[in-house]
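Next come two complexes built around chain A: one with chain B, the other with chain C.
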Partner chain A sequence: MREPLLQVQGLKKYFPVKGGLLQRRRDRVHAVEGVDFEIRSGQTLSLVGETGCGKSTTGKLVVRLLEPTEGTIRFRGIDLLTLSPREMRNLRREMQIIFQDPFSSLNPRLTIRQTVGEPLVLHEKGSRRERDDKVVHLLRKVGLKPEDRFRYPHEFSGGQRQRVGIARALALNPRLIVADEPVSSLDVSIQAQVTNLLLDLQEELGLSYLFISHDLGLVEHISDEVAVMYLGRIIERGPARSLFANPRHPYTEALLDSIPVRDPRQRKGGHRPLSGDVPSPIHPPGGCPFHPRCPLREEICTQTFPGLFEFSPGHIVHCHVRGKRG
Partner chain B sequence: MGALRELLEVDDLEVEFILEGHPRPVVSEVSFALRKARTLCLVGESGCGKSVTALSILGLLPDPPGRITGGHVWFDGRDLTALTQNELSRIRGRRISMVFQEPMTSLNPVFTVGDQVAEVYRTHLGLGRQESLEKAVEMLRRVGIPDPAQRAGNYPHQMSGGMRQRVLIAIALACHPEVLLADEPTTALDVTIQAQILALMKELRDEMGTAVLLITHDFGVVAEAADEVAVMYAGRIVEQADCDTLFHSPWHPYTTGLLRSRPRPGDGAGGKGRRLEAIPGTVPSPANLPRGCSFEPRCSRREDICRESAPPLEQKNGGQLARCWIPPAKEA
Partner chain C sequence: MNLSPLARRRLAGFQANRRGYWSLWIFLGLFLFSLGAELVANDRPLLVRFEGRTYFPVFRDYPETVFGGFLESAADYRDPEVREMIEERGWILWPPVPFSYDTINYNLAVPAPSPPTAENWLGTDDQGRDVTARLIYGFRISVLFGLTLTLFSSIVGVAAGAVQGYFGGAVDLLFQRFIEIWSGLPVLYLLIILASVVEPNFWWLLGLMLLFSWMGLVGVVRAEFLRVRNFDYVRAARALGVGDRVIMIRHILPNAMVATLTFLPFILNSSITTLTALDFLGFGLPPGSPSLGELLNQGKSNLHAPWLGIAAFTVLAVTLSLLIFIGEAVRDAFDPRRT
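Showing the complex of A and B:
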C-alpha cells in the first residue's frame, strides 16, 4: 500500500491556564492528549466528538496554525515539525483550512477577487492577468459567477461566502484540506449544496479531507474513515461503515444513540442515552477519561488508559471492557 | 386532535419589518393553535419568520423595526396583540413563557442561578425570600440538576451549556405556565445533551400539561419531539400536518426537498460519491418576494400558474394543509 498523505503520531497540545496577580501559569488544559491517525490520498477522515473534545485543535495543529506540545506530523513523509518557517510556508500551499463561520473568516474590506487571489499573490509569481484568470477559473469551479469577483463579502449569502472560502483554499492546488465544521452554520437546504461541492471537488482534484464535524449524519455520508474523540483522545477509529454499523466503544454507542431519529415512527420512548456532562479538560479523570459516565465501568478503567484493540481490519477501540470480551 | 382544547390560537398573523426604509412583510397569513400537552413544531430556515412569530405572540418584537400589522393571538378569551405591555407582563413568564437558543447569554451573569429561578416566584407569586428560594431548589431538582441545593449558589459561568439550558427551562416552567414557547432550545448543545434536554421537555410537558411551540430548523428534532408540524418558508406556512403525515406523505415540494436533502444512513462510505439532493438557489429576500408562489424560483414542480399567482393554504387529500398549486407526482 502507498504511503499515507498525512501521518499523525502521539500528537499533544496543552494550553496554559493563567491566573492570579502575576498571571502565572496555574494549570494546563489538556486539549489534545496523544492522537494518532493517517489519511490517504483522495480519502476523507472525519473527527467527531462533542464541544471541547479537541477536534478543532487537532485540525489546527495539522496545518501548524498551532504548535503542538508533543508528537509528529508527517505530510508526504516530511516531518512538518522540523521544517523552518520558510520551508513550512512552501509546504503549506499543499494543505489548506476552511473554517466554520463564513461571516467572520472573510475580510469585509476585500473584494472576492482580492480574497481569492491573495494566496496567489503571496505564493506565486504570475502576472496580474494570470491571477485574474485563475480567480475566474476558481469561482466557476465552486459555482460562483466570474463577475462575482468584483463584489464584497456582505453582498453574499452564507452559502455563497462558504463557496468563496473554498475557492480561496483551492487557489494553490492543495492536496489536503482541513474542513472545520464547513457547513454547520449554513441552512439545511444550503448544507446539501456545499457538501455536494466538497464531494465533487474531491473526486475531480483527488483531494484528501480532514473533516471536523459534530453532525454524525453528515459524517456517515461523506467519510471513508471516522475517529471519535473524547477529552482529547481518540477512543475509537475505523472505516465509516464499520464504525456506524458496529460501534464498539460505549461512548460511540451513546453518541450514535443520541442522534435524533429520522422518522417519528422510530422514536425510542423516553430513554436517556447518556447522563452527565463532559468533565473539565483541565483536570481530566485518570485512567479512561470516559469512566465517570460509562455504564460498563470496571475497577481498571479508573486506573489506566486502555491500550488499542483491533476488532476488524482498521477498526480500533480503546476500551478495557470491550477489548477484553472481544 | 380537534378534541383537545386550544390554549392559544394565532389567527392570520401579519408582521412587517422596516428594511432599508421600506416596510417589508416578514410574516404573512400565519395561523395555528397550541393544545394542552401537545407540541407544535415550527420549522424552517433562517429568515423564514419562525422566531418573529414567537416574539409576536408575547409582544416582544423589537419595535421599530418590527410591527404587527394584522391578525390576532387569542389566549384565554383575550387578544394578546391588543394588550398593553403592562397587561402582557402579567402573562409573560407566568402563564406563557419562553426559552431561547443561547443559554450563555439569556442568564444574568451577576446573580446566582438559584436567585434567578427564585425571582420568578417573588415576581409572579409574591412569595417571600426563603420560600421562593426553597421552591427554586425544588424546581432545579425537577429539571435534573444534581445536588440542586448546592448548585443554586452557582453563577451561570460555573455551569456547562447543558446545565444552563436546564436552568432556563426551570425559570420558564417555574410557574407551571399553560404555554411554553421554545426557540431553538437545543441548537447550541451537543447531541448527547440535546437528547437529554428534549427528553426533559417532554417529561415536564406531560406532567404539567403545557402546550409547547417548539421552533427549530432541524428535522431530527421535529421527528423526536413534534405532534404537529408547520413548515415555514419566506414568512408563510407552506405546509402543516401531523408529524407522521409530514414525514411520510409530505405535499409541498419545499418540505419534500428539505427531507431529502438530509444525508441518509447507508448512503455513506461505500456509497461515497453519491450526492445529497440539494434544493437549488437561495431563500428570496423579503424586499424582493416573487409575485406568485415564493418557492417558485427554486421549485422542481413549477408551472406557469406558480409564477402568476400565490397559492392559498388549503386542505389536501392526505389530510395536510399545503400552499401549492401542483400535486406531487407519483414518484418511485
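Showing the complex of A and C:
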C-alpha cells in the first residue's frame, strides 16, 4: 500500500490554565489526548464530535498553527515537528486551512486580490501580471467573477466569502486542506453549494481533506473515512459506510441516533438521548472518558482506556464492552 | 478621492463636529502662517528697490557696500544710516512686524519691558524684544517640537505595543512591568536633572522627552494586537507562511491605527505643555530662543507689565484648546458606536 499523505500518531495538546498571583500554571486543558489517524492522497477523513471535543484543535495542530505537546505528524513521510522554520514554511504550500467563520477569516482592509494574492507574493516568483492572472484563475475556479478581485470582503455574502477563503487556500496548489467546519456558519442552501465546490475541487485537483464537522449527515455524504472524537480522543474510526451502517461505540450510536429523521415513525428503535453533560476537559474522567455517560459501563471502563479493536478492515473502536463481544 | 465607505462616514462624522472641524482649519491656518514667520516678522525688509535693481534681503545677505555703505559685512537695515542711504535712491518694503524674535529695539521711549505701542503692537519684553515677533516664532517652535515629538513617540510607542501584543506571554509580561516602573519615574525632575547635565538644544530636549513620552500609545496598541492576533485571517496568514513582521504590519497594524490616530492630538497637546513647562522653569530651549514658556516666566517676574503674561497665556490657551477640540472631534469620528 502506498504511504499515506498524512500520518498522525499519539498527538497530544494540553493548554495551560493559568491563575493566581504570578500566573502560574494551575491546571491544564486536555484538548487532544493521543490521537492517531492517516489520510491517503485524494481521500477525505472527517473528524466529528461535539463542541469542545478537540476536533478543531487537532486540525490546527496538523497545519502547525498550534504546537503539539506530544506526538508526531508526518506529511509525505516527513516529520513536521523536526523541521526548521524555513523548511516548514516551504512545506506550508502543500497544506492549507479553511476556517469556519468567513467573516473573520478575511482581512476587511484588503481587497480580494490582495488576500488571494498574498500567498503568491510569498511563495512564488512571478510578475504582478502573472500573479493577477493566477488570482483570476483561482476566483473562476471557486465560482467567483474576475472583477470581484477589486472588491472588499464586506461586499460579499457569507458563501462568497467562504469561496474566497477556499481560493486563498488553493493558491499554492496544496495537497492537503484542513477544512475546519467550512460550511457550518452558512445557510443550508449555500452549504450544499460550497460542499459541492469542495468535492469538485477534490476530484479535479486530487486534494485530500481533513474535514472537521459536527454535521453527521454532511459527513456521511462526503467522507471516505470518519473518526469520532470524544474528549480529545478518537473513540471510533472507520470507512464512512461501515461506520454509519454499523456504529460500534455507544457514543457513536448515540450521535447517529441524534440525527433528525424526516419521519419519526421510521426511527429505528426508541430514541434514547444520552444523559449527563460532557465532563470538563480540565479533569477528564479516568479510564474510558465516556464511562460516566455510557449505558454499557462496566467496572473496567473506569480504570483503563480501552485498546483498539478492529471489527472489519479499517473499522476500529476503543471500547471494552463492544471489543469483548465483537 | 478614493475612500472606503467607512472612511467616508468617519470624515463626515468629523465634519459634523463643527467646533472640531473649524478648530482644525484655524490651527492649520495659524501653523502655516507661523511657518512663514520670516515673511511676517523680520528685521530685514522683504524687498529693497535700489538704483533700479531689486533685492530680497529676507532670503539673501547683501553687503552694505551694495547700497553705498563702506562695510563689507551684511547690511543692517534697521540702522538709520543704511535706511537713509537706500531711501535716497529707492525704497524699502518691510514685513508687517519689522522685528525678528531676537531683534532688540533700542529706540524705546520707556525702559523695557515697554507697553504696547504702534511700533511694538504687544509691547516688548524685558530685553527690548518685540513680543509679537516672539509669539509668532514661539508658537512655531512649540508646534514643530510637539509634532516631531508626537511623530517619534508614536513610532516607538506603536512598535513597542505591537511587539508586546503580538508575541504576548513572557515578552508582554516583562515589558509591561518595565513600563510600570519606567512610568513611575518622576519625569519632570528627571528632565530637569538631565537638562542641567547637557546643554539642551532642540534635538537634545526632543530625545530626553521621547524617553518618557512613548508610553502613551503602548496600551491601546497592545490591546488591539492582543485582540486581533487571534482572528482567523491572521491565522490564515500564518498558515500560508507569512512572516511575523508582515502579519504585524499588514494585517494587524491597520486596526491599531484608529486608536493611535485618536490619541495623536492629545499627545501633541501634552508635548507642547511639557516643553512650555520646561521653558518656564528655565530648563528648556537654549537662552534666547523664542519660547512661550520663557515669555510666561517673564510675565511672572514682571507683574507690572501684564502684556507679557497675557499675550503668552492667550496664545498657549488658544493653541491647546484648538488641539483639544480637534482631538475630541477625531475621537467622536472614530467612535465605533457612532459609525
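What we mean here is this: the second predicted complex is superposed on the first by the 316 of 326 C-alpha atoms of A that agree within 3 Å, B and C clash if a C-alpha of one lies under 4 Å from a C-alpha of the other, contacts with A are read in each partner's own complex, and residues count from 1 in each chain.
Just so we're on the same page, contacts are C-beta pairs under 8 Å (C-beta built on N, C-alpha and C of every residue); 3 or more make two chains touch, one makes a residue touch a chain.
Quick caveat: nothing in here was measured; it's all calculated off a predicted structure.
**Q** Counting only touches as set out at the top, which of chain B and chain C does A:Y152 meet: first, second, both, neither?
**A** After superposing on A, A:Y152 lies in contact with chain C but is clear of chain B.
**Q** With both complexes overlaid on chain A, does A:D101 touch chain B (first), chain C (second), both or neither?
**A** In the superposition, A:D101 contacts chain C only.
**Q** Check whether A:H123 is in contact with chain B, with chain C, with both or with neither, and answer first, second, both or neither.
**A** Second partner only, chain C.
**Q** Just chain B (first), just chain C (second), both, or neither: which does A:R265 touch?
**A** A:R265: touches chain B, not chain C.
**Q** Which chain, chain B or chain C, is in touch with more residues of chain A?
**A** It is B that touches the greater number of chain A residues.
**Q** After lining up the shared chain so the two structures overlap, which partner does A:V188 touch, if you call chain B first and chain C second: first, second, both or neither?
**A** first
**Q** In their shared complex, at which residues does chain A touch chain C?
**A** 23, 60, 63, 65, 88-90, 92-93, 95-97, 99-101, 104-107, 109-110, 115, 118-119, 122-123, 152, 165, 168, 171-172
**Q** For chain A, which residues are in contact with chain B within the complex?
**A** 44, 50-51, 157, 159-160, 187-193, 195-196, 199-200, 203, 214, 216-224, 239-241, 244, 254-255, 257-267, 270-275, 277-278
**Q** So in the complex, the part of chain B that touches chain A is made up of which residues?
**A** Per the stated touch rule, the residues are 45-46, 160-163, 190-196, 198-199, 202-203, 217-224, 226, 243-244, 247-248, 257-258, 261-265, 267-270, 272-280, 282-283.
**Q** What does chain C use to touch chain A in their complex?
**A** Contacts found on chain C: 4, 173, 231-233, 235-242, 250-251, 254-255.
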